[in-house]
Amino acid sequence: MNWTAVLEFARGPFFKVALLVFIAGMAYRIARIIMLGWKKDRVPPRGSKVEGAAISFLKGILIWPFIPWVKDTFKRNPIIYIAGGLFHLGLFVVLILGTAHMLVWKSLLGFGWATLPLPIVDWLAAVAIVAMIVLFIHRLTNPVMRLISGWPEWLNLLFVFLPMVTGYMMTHHLFFRYEVLFSLHMLSVNVMLIWIPISRISHFVFYFFSKAIHGADFGKRSVSP
Amino acid sequence: MAEDSIYSELKKEGMSRRGFLKFCGLVAGAMSFTMLPPIEGLTDVRGVQSPVKHGTIEMVAKALQTKQRLPVIWMEFQDCAGCTEALTRSKSPTLVDLVLNKITVEYHETLTAAAGFQTEEAKLAAMQKYAGQYILVVEGSVTDLDDGIYCTIGGKSSMELLREAAAGAAAIVATGNCAAFGGLPRAKPNPTGALGVYEVIKDKPVVNIPGCPAIPEVFTSVLAQFLVFGTLPELDALHRPKNFYGTAIHDRCLRRPFYDAGKFALSFDDEGAKKGYCLYKLGCKGPTTYNSCATLKWSGGLSFPIQSGHPCLGCSEPNFWDGGGFYQGQSAPISKPTGTVAAAAVAAGVAIAAGVGMANVAQKKAAHSADKEEEE
Amino acid sequence: MKTISNIAMNTFVKETGGYVAAQLEACTRCGMCADACHFYVATGNPEYAPVWKIDLLKRAYEQRFTLSGKVKLALGVDKPVTDEDIQKFSKIVYEACTMCNKCSMVCPMGLQLGPLIHEVRTSMSNAGVVPDDLMKAVNKQVEEGSPLGVTDDVYDDRIEWVADEWEVDIPVDVKGADTLVVFSSIEVMKFPENIAAIAKILNTAGEKWTLSTAGREVVNFGFYEGSEERTKMFMQRIFDAAKELGVKKIVVTECGHAYDALRWTSYNMMEVPAGIEITHIVGLIGEYVRSGKIKLKAGAFDNGVITFHDACKIQRRGGHIKEPREILKILAPNSFKEMSPSKEQAICCGGGGGVIAIKEADPVRYAAFELKIDQMKAVGADAVVMSCSNCRLQFTDCVQHFNLDVKVKGLSQMVADALEER
């Protein structure tokens, strides 16, 4: 099998198609929700909705991921807080501050930025992979998780796990040749890109909807969200 | 008439026994840059099998003393003669001497003194004389598109000439990316329908020595091995000798520590470039390029592109002309949607959403009216 | 003949707008909300996880509004919602949810799970799959004006008795008053001292207030049930009375759900008479204390350990978090101790949202209260104060059930007891 050709396909036309499916799919989902209509809120507020939303994002992005133990439910289930937090941290650092990924953004957006040294990115990638395995086991063993997990949930895990593992193997030249792993990485990334709009991995977009709703709902009652 | 052995020819030229053994050591070294094909009896005094050893030199000496010169026919098709240039200007004169003089080059368009039909006849004569023994070296890609009119010699198409020469060859060596994988002529849109030799000739062993140009030392090593042992090196899936194409440039690169440390040159004249930082962000293809540039280097081990400040172009890999921009980071996609296409995708998504959304709104209205009817 | 699943699905379709859809899309099914739910934590039953309580809403949304959901349905991966599903979930959303919205404080995506579960209840209510006990109370409120059977006559008798017993003036049906005070029938029937206390406070503050016989019931069992129609009906009675009397302000007394309905829901549901402010008695007392309209004896309750229970609908979803604390710091500066967690993160009493009205929910209700016991024990509370009669009913009942040595107090009552005479 000529992996160079596979790689060319995965980095070339397949990636392009996958990206377009992703863009169109996400546009579809966002537009569909907006089209469902938003009722005007006529309740006289006690506090500021905007302030509530701002605090909601501040806490959600800057505080809870880093000090989850301030939440009282942390002690009941620390695993999901820690593993979930580390997974997202690793994911974002690798995706944004990894050199190879930055160059993808650069080619798509037209501008680049400084990146972190490989060993740091590499460790965080490893942490994210381990965290993901922990989350998988958690989903497998926790009764609530078992109840609410259908096949889409398992596929979510798989389609995110594959790019991460192939990417990690690729940087370390494990088991296969570089272009083989590069191809597998790109193929799995493309599959994931297509899967995102039809799955709940898209939560990174709807997060901004739901967190804003949450913040506004609490803000108008002058309660800290 | 039996021909002289290589050694006796060398002796005739005034080479001493001592000089000959030194020469044998060089040849042995050339073959063994990274590894030697396992051959029984090739052990050193301690009985340990190891790459370059006294025993190897003896082996080479024995072969050169007994074997006759190796006939070579060198065909050029859609090429630039760059591989020939590289070979003739190589800093290893003794080896080149070996290849160009001690191995009989029976036919070579660029180097041969004769011209025209005379040379063609000489070639045919050599092919007949050494049928089944000669090595066919191909430089440049072959083409069969439009009856092969894009590359003809003496009225014959490149494909025809290749098949003709390949029929009597003991082995074929495709030197340079063009002969190996189609190279520059094959770059999109590939107007001549260029092909690599191994895609055409399936019934003879084909060794690819891709590169632009091929590293002369690699080429001579392959020929020396065939000359000495009568064998061809072990090949990878792309028919490249594993001992020279086994590791990626990236893995042997002198700038690799900077890659690992995240230190990159961002332009060709910035501080990073001056400090010799990694060229990955300037489009280096080192990670996916398999060749010996980083270890053998060029011009007698003087330097290689990355060392002298230029990112690797990946010239020993198939389709390297179309593998993304030369100065664009390798992880960047080869093709990406333009702004217009992306906008069209958004529009398509919104259009579907509008359709579904209208159906949804209608559904909600129906639900409301169904409830009202219920009440009435 | 329409099946209950048909009606329920129809309701889901009606309710699903951008607000619901955006939140359902954001759910990652991480299950973190389970640990916030007192019913799940107390029983370990995974079906009590908040995310599972909105499962029907999610399925209805996917099946009716999304392409992928339709494909799933066509492939047989997802099944149509059946009557059995509706019946099964009815037990879960009515008996094991107080709509306290603690889960939304834990949800990493910030889903407003309480309001979403309320949507599920609305469907259940339209389909007529509501627990019998709750439905009986709702019907009683429709017919008699009060779920506890406080008819006009009973009300008048009761108020007269309170006025006599505690020797306070209680104006009833006074036209031209500024403020309409609406009590819950829990207070009328079970905590009459609360009525006396609030009357005393209002009189001391010099408030021109009145009660209304027509708008006498603030409790809204229609809101518990999730029925939009009956929620509106019960609120309309109060608004009509307010218009009739020409008041400028409606004060909700110590009832949480009623406050959520009147203050935070009515405006988006119906026409609220213009120029009328709706507030909670805790907010009003807080205002009096701040402005000096009433003076409290400092340290009046400064013995033992007093803690405050935050009601989900008055504190977390009502916003009156500061007022009770300001008051308690005056009344019990040394003995007031916060439970952990408290304020907007507080744990629910387990009796709200109509749960206490459902006999079958008793085991989970008592189980959930054990979390509250642990919290009280952790601070070594001798007394617990709250500003919601529904919580107070649950506390009183559970203190008896578990035989606890904790006094249960209403905040207004404490304020009334510590009033400095003018």
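A, B and C label the chains in the order they appear, each numbered from 1.
Operating definition for what follows: a contact is a pair of C-beta atoms (placed from the backbone, for glycine too) under 8 Å apart; a residue touches a chain by one contact, two chains touch by 3 or more.
The shown structure was predicted, so the numbers you read here are calculated from the model rather than taken from an experiment.
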Overall pattern in which the protein chains touch one another (line/ring/star/complete/other): complete
Label of the chain whose CA centroid is most distant from the centroid of chain C: B
Centre-most chain, if every chain is reduced to its averaged C-alpha atoms: A
Intercentroid distance (Cα basis), chain C paired with chain B, Å: 78
Distance from the mean Cα position of chain B to that of chain A, given in whole angstrom: 41
Chain centre separation in whole Å, for chain C relative to chain A (CA means): 37
Junction residues of chain B, two or more chains touched: 352, 356, 360, 364
Overlap residues in chain C, where contacts from two or more other chains coincide: 16, 65-66
Of all residues in chain A, the ones touching two or more other chains: 29, 32, 36-37
Residue numbers on chain A that touch chain C, as the complex places them: 29, 32-34, 36-39, 41-44, 46-47, 56, 60, 64, 71-73, 76-77, 80-81, 84, 142-151, 153, 198, 200, 202-203, 206-207, 209-211, 213-215, 217-218, 221-225
Residue ranges of chain C touching chain A (in the complex, touch as defined): 16-19, 21-23, 25-32, 34-36, 40-41, 44, 46-47, 49, 51-52, 55, 65-66, 68, 77, 104-112, 115, 263-265, 267-268, 315-319, 321, 340-341, 344-345
Chain B to chain C touching residues, read off their complex: 352, 356, 360, 363-364, 367-368, 370-371, 374
Complex contact set, residues of chain A against chain B: 1-2, 4-5, 7-8, 11-13, 15-16, 19-21, 23-32, 35-37, 99-101, 103-104, 106-108, 112, 115-121, 173, 178-179, 182
List of chain B residues in touch with chain A within their complex: 237-238, 248, 250-251, 259-264, 280-281, 287-288, 317-319, 322-324, 328-337, 341-342, 345-350, 352-354, 356-358, 360-361, 364
